[in-house]
Every structure is written in C-alpha cells, then in structure tokens.
C-alpha cells in the first residue's frame, strides 16, 4: 500500500501533531494507563473493591486451573476461526452482489444490516426459540414429514458454540458487508474497464485485482471482527447464559462474571490480562511489519 | 464528629417531618417487571408521604448489572441515596471501606432487633455490632411446583414429597410428559441442586457444610443421598429443552411438564396464567421433605453522603421501609414474605401461607451467600452446573470435588 | 502492491461523466438474464434467512401472552393486538416510571448526536494524520490504539471512573460523550487511516502544489472523496452509542439515562413475569433510529471519485 507520507519537517507537520493530541492522550492515558492499572491489580486479591493486597501469581494459578477458563479459550478459538473466515467471505460476496448496479440496493442493504441495530438481548431470544428443538426449526421440518430431522445446536453441549455462531454471523456480517461495499466503491471505474478490455473474467478481476487493492479495508475488517470475537459476551448471555452447563462459556464472560458476579476483581483482571497479552503477541509484530519497512521520506 | 452528625441528622429529620422539607433521594434497585414495579411504588408512595421525594433509578438485572453501577457511583464520589443489594456477605467490603452509613441509631430507635424475624436477617446486615442495611422482604427458593391435572390425567395422585414425585416419573414419561422442567441456564441448575441439598440432607447438614465448611460431612453418606437424587433429577429433566426459567414454568402451566423446582417468584407466572394455588397447581416447600426455606431476600444500603438533608432523608426511608404498613403493602405486591412477624397478611394465597407458617415455626436456614463468600459459592455452583449437564460425571466424582471445594472455602 | 495510478485528468474525466459513476456499467440488461436470476436469487434467499428472526419477533409482538404460551413461534397471530407496542412505548413500568421507552428517548438523542459527531470528527482527523502526515511516533500511538480495540469494556470501567472523577466530569453528559469518543477511537481511526491511504497520491500532491495545507486538504479533498467510509463510521457509531447501556448507566445519573436503560429494564428483569410480546416490540422500537439512519445514509454510498467535487 502506498504509504502516503507528507512533509516530515516538524514545523510543517505541526497541524498534524496538534490534531493528533486527542489520540495521543487516549492512547497514553486511557489505554496504557488503564491497562497498567488492570495488570497491577491482577496481582492482588481484590474482591469487590480494588485493593492493594498483593498475592503474586495466585490469581493466574487459579485461572489456569479453572476448567471454565480452559473451555472458554477453546470456545473462543473455534468461534473465532469460523467467525473470522465466514464473516469475511460472506461480507465480501454480499458486497460484491450489491455492487452489481442492482435495483433496491438500499432495501437489501438495510435488510442485511438490520440485525446489527437491534439489541441482542432480545434478538438472542428469537434465535433461542428458532433453534429450540420443541418449537423451532426442528419441529417445523418434522411436521413436514421428516421425522428424524435433528437441529438443536443450542441444546447440545458438543455443538452449542456453532449454534451461537449462527446468530453471531447473522448479527455481524451486515456491517462487514457495508465496509466491503464502501471499499468497492472506492475502486476506480477504469480498473473494471481495463479488465474487461483485456478479457479477464469477473471473478479473476475480483480475486487478483480488486481484493489486493482493498487491502486496507480487509485489515480494518479483520480488526473489527477480531476485536468483536475477543469481546463476545452478549451473544452468549442472551442465547445460553454459558450453558448447557459451561459448554458455551467465553473469556469475556469469564472476566465479567469474575468481576461482578463472584466479586473477584483480581481474578477478572488476571483473565483480562491474559487476553490482552495474547492480543499484544499478535498485534505488535503485525504492526511492526506493517509500519516498519515501509516508511518513506 | 460522627455523633455530632447523627444528632444533626436526627434533628433535621425532625424538621423534615414537620416542615415537609422536600429532599430528593435517588434510590437504585433492580425491580422492573410489572409486579415488582408495583411493589416499589408502595415504597415510593410511603416515602413521598414523609415530604421527601423518591427519585427512581431502576436498573434491571441483579448482581451482574447493578453491582458495577453501584460501585462505580460510590467510588466515583457521586453515590445514590440508597441502593438495593443482596444482603449477606456481598456488601461487607463496602462497609469495611467506610462507604456505607451506619444505621444502628435508627435500628435501636425502631427496635429492629425485636421485630425483624427471623433474626438472621438482621445479622446479615450487621458488621462489628453495627447495622448497615434494612431487610425488606424474604424470598425463598425451596419450592417444587406441580401441575395437578397432569398427574390426575396420568392416573396418579399429586405427589406430596420428592420421593413420590420421583416414583411417578416413569408413568409421566410414558404419557409423553417431561417429569421435571428445567431451564438450561446455569443459575437454575444451581438453584435446583441447592434445594435438593437442603431438602434431602436437612437443614443441619446444610448449615454444617456451607456454614461450618465441614468437608467430612460434604464427602459423607448424608450428602451421597443428595448427589444420588440430583442424578435422578438430571434424568427426569433430560427432555426439557428450554433456556429460561419462565419457559420452564410455562411447560408446567401448559402441562408439557409435570413439575419444576424454582423460587417463589414462579408464582407470578402462574398468577398471570390465571392458575389458582391448591387447585390448578400445588407447591411443596422444601420439596415436601424438610419444610424449610432459606431466608434470602433483598435489603437496602445507604451510602455515606456529606449532605445533611440527604442523610436525613435516608433515615426517613429506612424507617418507612420497615414500617408495618409498608411491609404489608410492599410484600403483597411483590409476592414475597414480610420481614416482621407482627403484621397481618389476610390477602395471602395458599402458597404464601405455607411460607408464613414455616417462618412462624422458625424452620429457616441462611442463604448460601450469607454463609459462603461469593467466590467460593461460584466454585460450588460451577460444579453443580457441570454435574447436571454432563451425564458422564458420576455422582461419586461430583461429591468428591464438592468435598474438596468445601475444605478450602472461605 | 498494485497501486492505482492515474492522472488528475482521468479523475476529472470520471467525475465529469456521472452516468459512468454507478456500479459497473453494463450493457442494457435483459430483465431475466441468468446473471440477474443468480444475483437476485441469492440476495432474496439470503434476505429471507436474515429476516427470519425479525419475522418471529414481529409476529410475537402482535400476539397476546396466552397465544405466545402455546409456543407456535412461526404462526401468524390469530388475534392481532397492538397493545404490546403501545405498552412498550408509553406504558411499560420500570420501577416507578410507567411511561415506557418514550421516557429515555430524548436523552438518547442528546447523548447520540454529540458523541457521534465528536468521535467521527476526532477519529477521521487522526486517520488522516496517520495516513498522510505521519510524524515520529505516530505509528506507535496507533499500535497502542489498535491493541486498545481488543480490551473488553468491562475491564476499563473502574479506571475510567477514577479518571473522570479526577477531572470532575463524572456523572455528566460531557463525561459520557468523552467515554464514547474514546471507545470508538481505535476502530474508527483504523477505518479512516486505511481508507485515506488508498486515496490517490496525485490528488494529495496536486493540492499541496496549489498551496493547500493540513486542514484545506482534509476538508476539500479527503472528506468529499470518502463519503462511503463516513457512512460506515456513522453506522458503527450510531449503532454502538444508541444501543449502549452500560456506559450510559454507569457514567450518568437517572435524569440522563438513555432509552436502552428502559429497554433493559423492560426485557431483562430477572424474576418478574416476562412479557415476550412487549419485549419484542420494545426491541424493534429501539432499533428504529439506527435502522432509519442505515436506510437514509445509504444514499451516500456512492463512488468516492464521483462524489468529490475535486478540482484541485
């Protein structure tokens, strides 16, 4: 990607620096400050209120001995992998379809995007019902004569996380579609004309020309999806509350439950520190590659 | 200094009562559904009658939602005037940190020690001999709700205790009925398990295990009975495919299921469906085995504030909440039991009466959150939930883990 | 990386031909071509899947509770009732106040407008600086910001309470607007930075030659060229802020509580009787504001080049 760099002499760049003050403040004070605070208190035995009673790594030992935490991580991995791949794929394909100069684009786009607008507390309930074996889809299909049909993803501990994925994709792909659409609209008409003159098939134009040009959009989309995955909470609470049993627990819920339900702030902070650590392990090398070699004077 | 403030507060309270000096008092609570809101309105009405003004800060969703809000507000230096909280050990830290107001003077003036029944309710509000909260009601979890017609249609007598119920299960299943309805959310499994524990092992064993942290007892034969019964319940509920507690209650109401173990709030659903206690449905406190109930319930705490007017209004509210008239009006709407024995509840229905009788007989136990720290309780609950949802986990294994958690609990 | 290079003349050309500016220009089409059947067929099937839960919700919201108890979630209401909608909007009680969602509506608007405007303004300028006016250390701050996007909000509640208390904004609308701006910043900055970086260099250089500065280029070139991404940013922020419940309730007081607090109180009561029809109606009603914005703002989903009145 063209790293468009303006003049680098400091006085010419003064406006940029001034304009970036809110960002710098946020990064340093809120994110670094808040994170440091969290990490510090993860070494304490804070329960209801943050307190400086240090206990070393006790919270971390407990964390890694908790089967709930281990299941949470496993679920996050499964959910994350599928959610990332399918959101990108579905989002891009839908955007490409909407970009074909179709009629009713506004209507289709709004339909695909509406799940994003509704509070998941209740749409989760609708999914709970639809996926319920006694009065949801399974029952409807059985009433049509297919008696052995079985579809009860939220009620089977083995596959419950996939049931959550169904609703998760339903809720999240619309936004990714919009983002992709914005990206497609940013691509020059001439590219398409040139490709057409050269007789390149449409799908090839997409895969080899358009998608590489949309690298920035894809990165944005990946970060958007990934941060959503790490923070996934509502989706689980609204549909299963973590059940059956603890089969659909996720890390963000572990953190939240530890902090506010079992009143063990220290444990919640330890869990969130682990989450943050894994994010840093992935993001920082990426940032280095992204920015490191590309600086132009 | 404190004494001075108390005197000052008391004198302004006096002024408030006479001069109708209106102070706005923000009250946070999580009672938002229709019946709950009507109950809160009784508090507000009574409080407004003292010349102050109740500013309502209703936030649905107990623990998880309300707690961070409360703590943020209090630590942010901008506390509400009063707030609902589960009494028990959960608020201890706030009290220890000196953020909560001491109500001892109001309590002794109102003679709370005499009137609050059972006395354990007041004990849970007490720390180092000082009283920090006002208990307002008693909710109990130890109920088995049965649909009478389901049993009659299957040619069975309506069970009067857990064992008869278990014995009826095979016949119910033959008739295509789910014997035990159970929502799959973790807290419901936990609730059912705790109820089984109290009802089948008896109140002494319960107190010894949760209160005394008696690990030997937790691993012993008495508890083995409980785990065997939980195993049975797990089997009886295997065809129950709902998530929410009220969906499970609805299975009982519509006759898809025969019974459900749930707290007394389930009555609200029966009432809305126009079912009559004793006629359409039966309630068995303590599963009909050990007729005991837990004295869990709600209480109000009053954060410390600098404003003398607010402090005075807080005192007014505390008095109002526990006054006999408000207790009756509030608890009838709420469907819970009053915290004082000297009031008359003529309008109570069949199930509420059973509860009142048990209270009068003193067959009460403390709720687990009064005995165990929230943290230890979570570990116990996680185990119960896992056991219920993992048919591969044997009753013996679960019991072993249970004993080990109890041995290290605080 | 395949970089788009083109001359300013070409760009001028493109913008001078509005008829070419829609999506791919094609030959006059046959209404039932195989291509059209495929596109519309796919979109309609996908739409049906997307609409299924909405259908269930609307049908449920029009039924009375006795009918809902029967458990036929897909069947249309036997007796249509609009009472749940009326109740959700104007009558549902939460605590003392029995005026439904309408109570918090104005507060939500008061929170929404400044939060959306401020967060987008700040993030777009950040993105612009990061893409076009890099300075020493700018990438480091940006990386921190990206990592920040992954922090679960709940963890930050208490530190932010402390910060707001220290600057004296705790409990005020301004404080809440700042919180929304902070949590929107990582993703939005990324969004704008990556989009601005794909804007052709030539335009930027041409403007520099003409003597335009930091702000001149931002307002005269970047903003008009990037309308679709502003739409995406607006969709993100409007939805997020409108539906926010946690921050609204933690960082303000009851007289500033947004509508979602009432929504939560209506749908989320733990032990009370659950009125599914009112819950569904309340959810749809709450969602109407973002939905309207999605629909209307779609008009801005145009090709960036065409929309920009870029004349150097």
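First chain written, first letter: the chains are A, B and C, and each begins at residue 1.
The working rule: a contact is a pair of C-beta atoms (placed from the backbone, for glycine too) under 8 Å apart; a residue touches a chain by one contact, two chains touch by 3 or more.
It should be emphasised that the depicted structure is a prediction, and the values quoted were computed from it without experimental measurement.
Engineer: Using each chain's Cα centroid, which is most distant from the centroid of subunit A?
Structural biologist: Of all chains, B has its centre farthest from that of subunit A.
Engineer: Between A-C and A-B, name the chain pair that shares the greater number of C-beta pairs in contact.
Structural biologist: A-C
Engineer: Taking each chain's centre as the mean of its CA atoms, how far is subunit B from subunit C in angstrom?
Structural biologist: Between these chains, centre-to-centre, one finds 40 Å.
Engineer: Could you work out how far the Cα centre of subunit A sits from that of subunit C, in whole Å?
Structural biologist: 15
Engineer: State, to the nearest whole Å, the distance from the C-alpha centre of subunit A to the C-alpha centre of subunit B.
Structural biologist: Centre-to-centre distance between subunit A and subunit B: 37 Å.
Engineer: Where in subunit B do residues touch at least two different other chains?
Structural biologist: Residues 65, 68, 71, 75, 244 of subunit B each touch two or more of the other chains.
Engineer: Would you give the residues of subunit A that are in contact with at least 2 other chains, written as numbers and ranges?
Structural biologist: 134, 256, 259-260
Engineer: Taking each residue of subunit C in turn, which ones touch at least two of the other chains?
Structural biologist: In subunit C, 71, 154, 158, 264, 267-268 touch at least two other chains.
Engineer: Touching subunit B in the complex: which residues of subunit C?
Structural biologist: The touching residues are 65-66, 69-71, 93-98, 154, 157-158, 161-162, 164-165, 170-171, 246, 249-251, 253-254, 257, 261, 264-275.
Engineer: Hey, which residues of subunit C end up touching subunit A in the complex?
Structural biologist: The touching residues are 1-4, 6, 10, 14, 20-26, 39-40, 42-43, 46-47, 49-54, 56-57, 60, 71-74, 122, 125-126, 128-135, 138-139, 141-156, 158-160, 163, 181-182, 185-187, 189-191, 193-199, 201, 204, 213-215, 226, 228-229, 231-232, 235-236, 239, 242-243, 260, 263-264, 267-268, 276, 279-280, 282-284, 286-287, 290-291, 294-295, 298-299, 301-305.
Engineer: Where on subunit A is subunit B touching in the complex?
Structural biologist: Touch list, subunit A to subunit B: 47-49, 67-68, 128, 132-134, 152, 154-155, 157, 239-247, 256-257, 259-264, 267.
Engineer: Name, in rising order, each residue of subunit B that touches subunit C in their complex.
Structural biologist: Within the complex, subunit B touches subunit C at residues 26, 29-38, 40-41, 44, 54-62, 65, 68-69, 71-73, 75-78, 139, 244, 246, 250, 253-254, 263, 265, 268-269, 272-273.
Engineer: Name, in rising order, each residue of subunit A that touches subunit C in their complex.
Structural biologist: Contact set of subunit A toward subunit C: 1-8, 10, 13, 15-17, 19-20, 22-24, 26-35, 37-38, 50, 94, 97-102, 105-106, 108-119, 121-123, 125-127, 129-130, 134-136, 140, 170, 174-175, 178-179, 181-183, 185-192, 209, 212-213, 215-217, 219-220, 223-224, 226-227, 230-231, 233, 252, 255-256, 259-260, 268-269, 272, 275-276, 279-280, 283-284, 287, 291, 295.
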